[in-house]
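Note that subunit A is present in both complexes that follow, paired respectively with subunit B and with subunit C.
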Partner chain A sequence: MTETLGKTGTLVREVAGTTHAPPPPGRRRRRAVAEEPGKPWMIRVPLFLYLLFTLIPFYWMLVFAVRPSGSTQLVPWPISFEHFDTVWNDIGFGIFFYNSVVMGLGVLVFVTILSVMGGYALARFKFRGQRVFLLAMLCSQFIPGAMMLIPLFVIFKGIGLLNSITGLVIAEVAFQLPLSLILMSGFIRNISVELEEAAMVDGCSRLRAFFAVVLPQLKPALVAVGSFAFIGAWNQFLFALMFATRQDKFTLPVGLSYTLGEFNTDFGALAAGGVVAAVPVVLVFAVVQRFLVQGLSAGAVKG
Partner chain B sequence: MRKLLVAVAAAALALSACSSEGGGGTDGNVTITFWDNNGGPAREPIYKELISRFESANPNIKVEYVGIPSASVQQKYDTAIAGGETPDVGGVTTSYLAHLVGQEALAPLDDRINSGPLKDKLLPSLVETVRQTAPDGKLYIVPSSANMDIIWYRTDWFKDAGLEAPKTWDEFITTAEKLTDTGANKYGYTIRGGAGSVFQLITEAYAYSGVDNFFKDGKSTLNDPANAELVDKVADLYKKATPEADVNNSFTQMIAQFTGGSVAMMHHNLGSYSDVTKALGDKVAAMPLPVGPSGKRTVVPNPTDGFAVFKNSENQDAAWKFAEFLTSAESNSYWNEKVGQIPANTDVRSAAWIDTAAHVKMALGVLEDPATILVPAPVYLPQYSSITKTESEPQYQKVLLGELTGQQFLDDMAKKLTEAEKEWEERK
Partner chain C sequence: MRTRTWAPYALIAPTLVLMAIFLVYPIGSVVYYSLQRYNVTQPWKNGFAGLDNFKQMLFDDPLFWQSLAFSAKWVFVEVGLQLLLGLVLALIVNETFIGRGMARALVFSPWAVSGVLTTGIWILLLNPSTGIFQELSNLGIGSPGTSVLGNPDTVFDALVVTELWRGVPFFAILLLADLQSIPKDLYEAASVDGASRWRRFTSVTLPHLKDAIILSTLLRAVWEFNNVDLIYTLTGGGPANQTTTLPLYVARQAVDSHNFGYGSALTVAGFLILLFFSIAYLRVSKFGSRA
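Presenting the complex of A and B:
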């Protein structure tokens, strides 16, 4: 849900940009010319409808969250924060939120650093078994998390990582790393080796050349990989639910499912919890979407 | 240097001793973990209150409460069993009890119940349901409360139309038709056609047919012609006395239609008590499922809720003490009054709140009536839920849409159930 919002946001921006800016060269221009006879509204109206379609559920969530229970107003006024009070203080979303933030940041940091390091190695060095390694990385994506649940549970129990955010971070990093690694090595491959070599001719060590030349150009990639890592961790439900046997280690998705009882659901609390869970993701996308479009298109077109 | 090393080692030892949680300390204090199988803001405060009462009565036992979201509780238990991290006490319902017993995760409670104050104090029909769920007939949970299928109806609509609550299915059907006014968007009944539909349909079918056992000579009785008759009768009501959207109704939509005021009668269970009364106040009441032409009252019991002591627990005595406390007359009364379900402890029968909670009194009356025949669904069959949910719910929608007859629909399901039962008997 949250990802769609991000995608919609970027999509709208991108299209708005292309209609005003001169069309980019190459194949895209030819296509743009073929579509030229269309009027702006032919793009805007469908896009606006699509935007409505994605935003209405969010509007409903907001309405449910801020109107008092029992009310059926479509435009809630006066706004009531009773549901937020319930979820934050009574249900414990304060703790869940903290846990989710710590976990999200941990995953972000480790996935970004490790994928830059590994991605660089994959892009710049040739080593025996490289293809096999890449293939194995890709194949690991086919394994559903549920299958790893019990083995991981047993291992984590053995080394005392149950009921800890550290354990969740390790598990989530392990699951996210392969794809991030492949993405990152694609980005790095697109940065010309010549620049690096030039820096080394000028006396840089490989490490310094990396920091001086490669890393600045990797910004969009770092943002793309980092934000997806964060959001992936933010939405992680299964591990968070299974590895925590103490309520003070629950994360937000677990907290949300906690508001859904077998016989009664407090829709106000559920919606308020949903808002609490969605806001950081929306903020992340609002801040990084500019870089994200750069990052994604850089990977897509040149790759 | 050596001294330092020794000191460090001693400190480490002391630390690791402290951090071994849950175990019995040398001072006799124990901490036990309790998993609530339907955790959430609605039930957590009730348990918290009971736990604080328990802790003040037993100062050497601490109870750690963990609420598990009800949708994931079975998976959570399975993972915990596989990983050897089960709680000491847990809420368990008969719907997945057989599964847990099959993994040898629970301790039988017969002896503990019979040697304590709970002896002969538990509603026999519930005890029987629990016994029938375990392959060896032992009691692996101490039942705490029961739910029952009932029909919620709008007393104000009935009064305006000069109608009485129907007693038989035929009356029920004519009542539903009489209360329908499609022009005014008023319908007599709402059918659950979406998720969870078939379980409700089965209880209706057995209530109608009066067939008193799920299997006869190893063969499923589900496709009994009388059961099929009921399915067809319900399907006939579709669109005539029910909203057209019913074919996709799950619990949420069904209850939204009812509390929204467009439906006169809804088949659900006691669990929706707080939702319906919050929306409709005293304009709603409960009646038992009507009886069929046989005149016999057959009830397919809902899953029974209870507490289990886990075999892996190092503090089984303390765990049992807590389970026993939760099912004692006082706690059981407090708990069931809050959630509006049938108390398992028979001493609660005389509690004052039962007289004011008409729906509980009615349901209790049905369960205590010697003429009532319990027909427990074979929830012990591992395939039961996939047969009645995944495989059958879409088929039932076809029945509602008139693409399949009730008999064809039940024949198919009965065949699968018979096979599953045969497999079960062979393995036993």
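Presenting the complex of A and C:
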């Protein structure tokens, strides 16, 4: 460990030494200031601006959703829930919401289980066709979703899965699985093999060793991949739009897209529908983003 | 640990089955359709067409070239800006400051929002009568009734900014994750050697981020190329096909015209272009070789 550190340290020293002439004395002070960890304005000002950019659109939606029709106040008071009543009961967002939840959870469960299985196979075994399998999954990322529309439509029609949430779940799982599986195998590879081997030497089966040793350490990865899957399914638009023509099978993005067209002037309904679609997924995201960053930095990006 | 057993095959079997049905078979059938005359509205003409669809596309269809050019412009502008802003954002929220966790959760949150929802939110924000431009003009900034979405000169900018809103967080998250895997010792060593903040950024941070940047820009380029939901719901490809991307054109051929043969040929072309672009990009950027 110390050896590597020494090496990298020297490396940086060399780079800095060869190309950097000794600085003129006048610049020394300025650099000393730049090195202070503080420099709050360098962080605060751009961060504040970016926060405005992020939050103003959300705020606008919230305002439109809760202020009564006809009002133009930017700080709405009193708050009215008439638009929510309209979208939830009259337009049918209650049903869309239910469909989206079922689809999101279905995709979450299957993607998580299948990616743990496949990720474990990739990380812990060496098998014939491994490279081809990995390559095929990477290549699948370059296939346009729109490319699948025509043949998938034909398939779904053939097996009677048009207008069915089950069909949407299957298609979405198939599309999310490659990337989730690659991420998951990265996580598993980063978990050291020794404990697992020790458990197996002690008489555990591989399966028991997996559940006792690997799975507990995999929690952040499960949260990251699972939430990725849920958010992806919640937002799936193209397939949901194509494969669900009956209104009782719409998911939230599809319902919302119709709201965009049909209620072009009813901004209150549009905003209330938007809040219904946004709140669960933004909440999920706010909770798990920490795990997501941790999980990704744990090795997934490095592959 | 690495033994030859049937176990790995059993573990990847479900994935293989799904991929075979929903990826391999559709690719095959798209290629097959692309060589056919296959139009639901004119079934009597259906049959083998050879390369006719491709000939028509290359020599006889200005909309193909127009949509391809718009796709290229869209990807270039969008991914470039997302990378730049995403990197800045990642560097900012990688610093230590009070409320960092909260700030991260807030600035990353649009990433979780779908294209359709993004469209809905921005239509509310940009609409000429009650949107932000009206409010600003009430305060004396700008002119009242500014309609950026209805104006052909500004609709592209509006699209770009809208997609940045939810696209920048994606880059920031990926790059932040990679930033956190940089050993702190490297910075300390560089500091001891008198490297300035900028110098540490160019000599330590950027080389370390190189692979993550290449991979995320590539993934994002492919996703933005294939982006349908945002553009479809915001402009529908208009005005006058100005914002029609290749996938949108495919969807229109398939859904509106029921011309599955020609739509499939367009799809195959899009796939080949992406494939070529990806390979070239990985080669030129020397992915996997640390600077």
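Keep in mind that, in the parts below, the second predicted complex is superposed on the first by the 254 of 303 C-alpha atoms of A that agree within 3 Å, B and C clash if a C-alpha of one lies under 4 Å from a C-alpha of the other, contacts with A are read in each partner's own complex, and residues count from 1 in each chain.
Convention: a contact is a pair of C-beta atoms (placed from the backbone, for glycine too) under 8 Å apart; a residue touches a chain by one contact, two chains touch by 3 or more.
Model, not experiment: these values are computed from the prediction.
Partners subunit B and subunit C, once the complexes are superposed on subunit A, run into each other and clash. After overlaying the two complexes on the shared chain, residue contacts for A:S140 are found with subunit C alone; subunit B is out of touch. When the two complexes are overlaid, the chain among subunit B and subunit C that reaches more residues of subunit A is C. Of the two partner chains placed by superposition, only subunit C is touched by A:I170; subunit B is not.
Once the two complexes are laid over each other on the shared chain, residue contacts for A:Q73 go to neither subunit B nor subunit C. In the superposed pair of complexes, A:P178 makes contact with subunit C only, with no contact to subunit B.
Of the two partner chains, subunit C is the only one that A:L47 touches; subunit B does not reach it. Once chain A of one complex is fitted onto chain A of the other, the partner contacts of A:T86 are limited to subunit B, with no touch recorded for subunit C.
Mapped onto the common chain A, subunit B and subunit C collide along 74-82, the only clashing stretch among 74-82, 218-226 or 344-352. In the superposition on the C-alpha atoms of chain A, the part of subunit A touched by subunit B in one complex and by subunit C in the other spans residues 149-150, 153-154, 242, 254, 257, 259-260. By the touch criterion given at the top, residues 5, 8-9, 12-13, 15-17, 20, 23, 31, 34-35, 37, 40, 43-44, 46-47, 50-51, 53-58, 60-61, 64, 72, 74, 114, 117-118, 120-122, 124-127, 130, 133, 136-137, 140-155, 170-171, 173-175, 177-178, 181, 193, 196-197, 206, 231, 234-235, 237-238, 242, 253-254, 256-257, 259-260, 267, 270-271, 273-274, 277-278, 281-282, 284-286, 289-290, 292-297, 299-303 of subunit A touch subunit C in their complex. The part of subunit B that touches subunit A in the complex is made up of residues 33, 38-43, 64-67, 69-72, 75-76, 79-80, 82-85, 87, 252, 271-272, 274-275, 278, 339.
Across the complex, subunit A meets subunit B through its residues 70, 86, 90-91, 149-150, 153-154, 157, 162, 241-242, 245-247, 254, 257-266, 269. Listing the residues of subunit C that touch subunit A in their complex gives 1-5, 7-9, 11-12, 14-16, 18-19, 21-23, 25-27, 29-30, 33, 88-89, 92-93, 95-97, 101, 103-117, 119-125, 127, 130-132, 135, 165, 173-174, 176-181, 183, 185-186, 189-191, 193-197, 199, 203-204, 211-212, 215, 219, 222, 225-226, 228-229, 232-233, 247-248, 250-251, 254-255, 260, 263-264, 267, 270-271, 274-275, 278.
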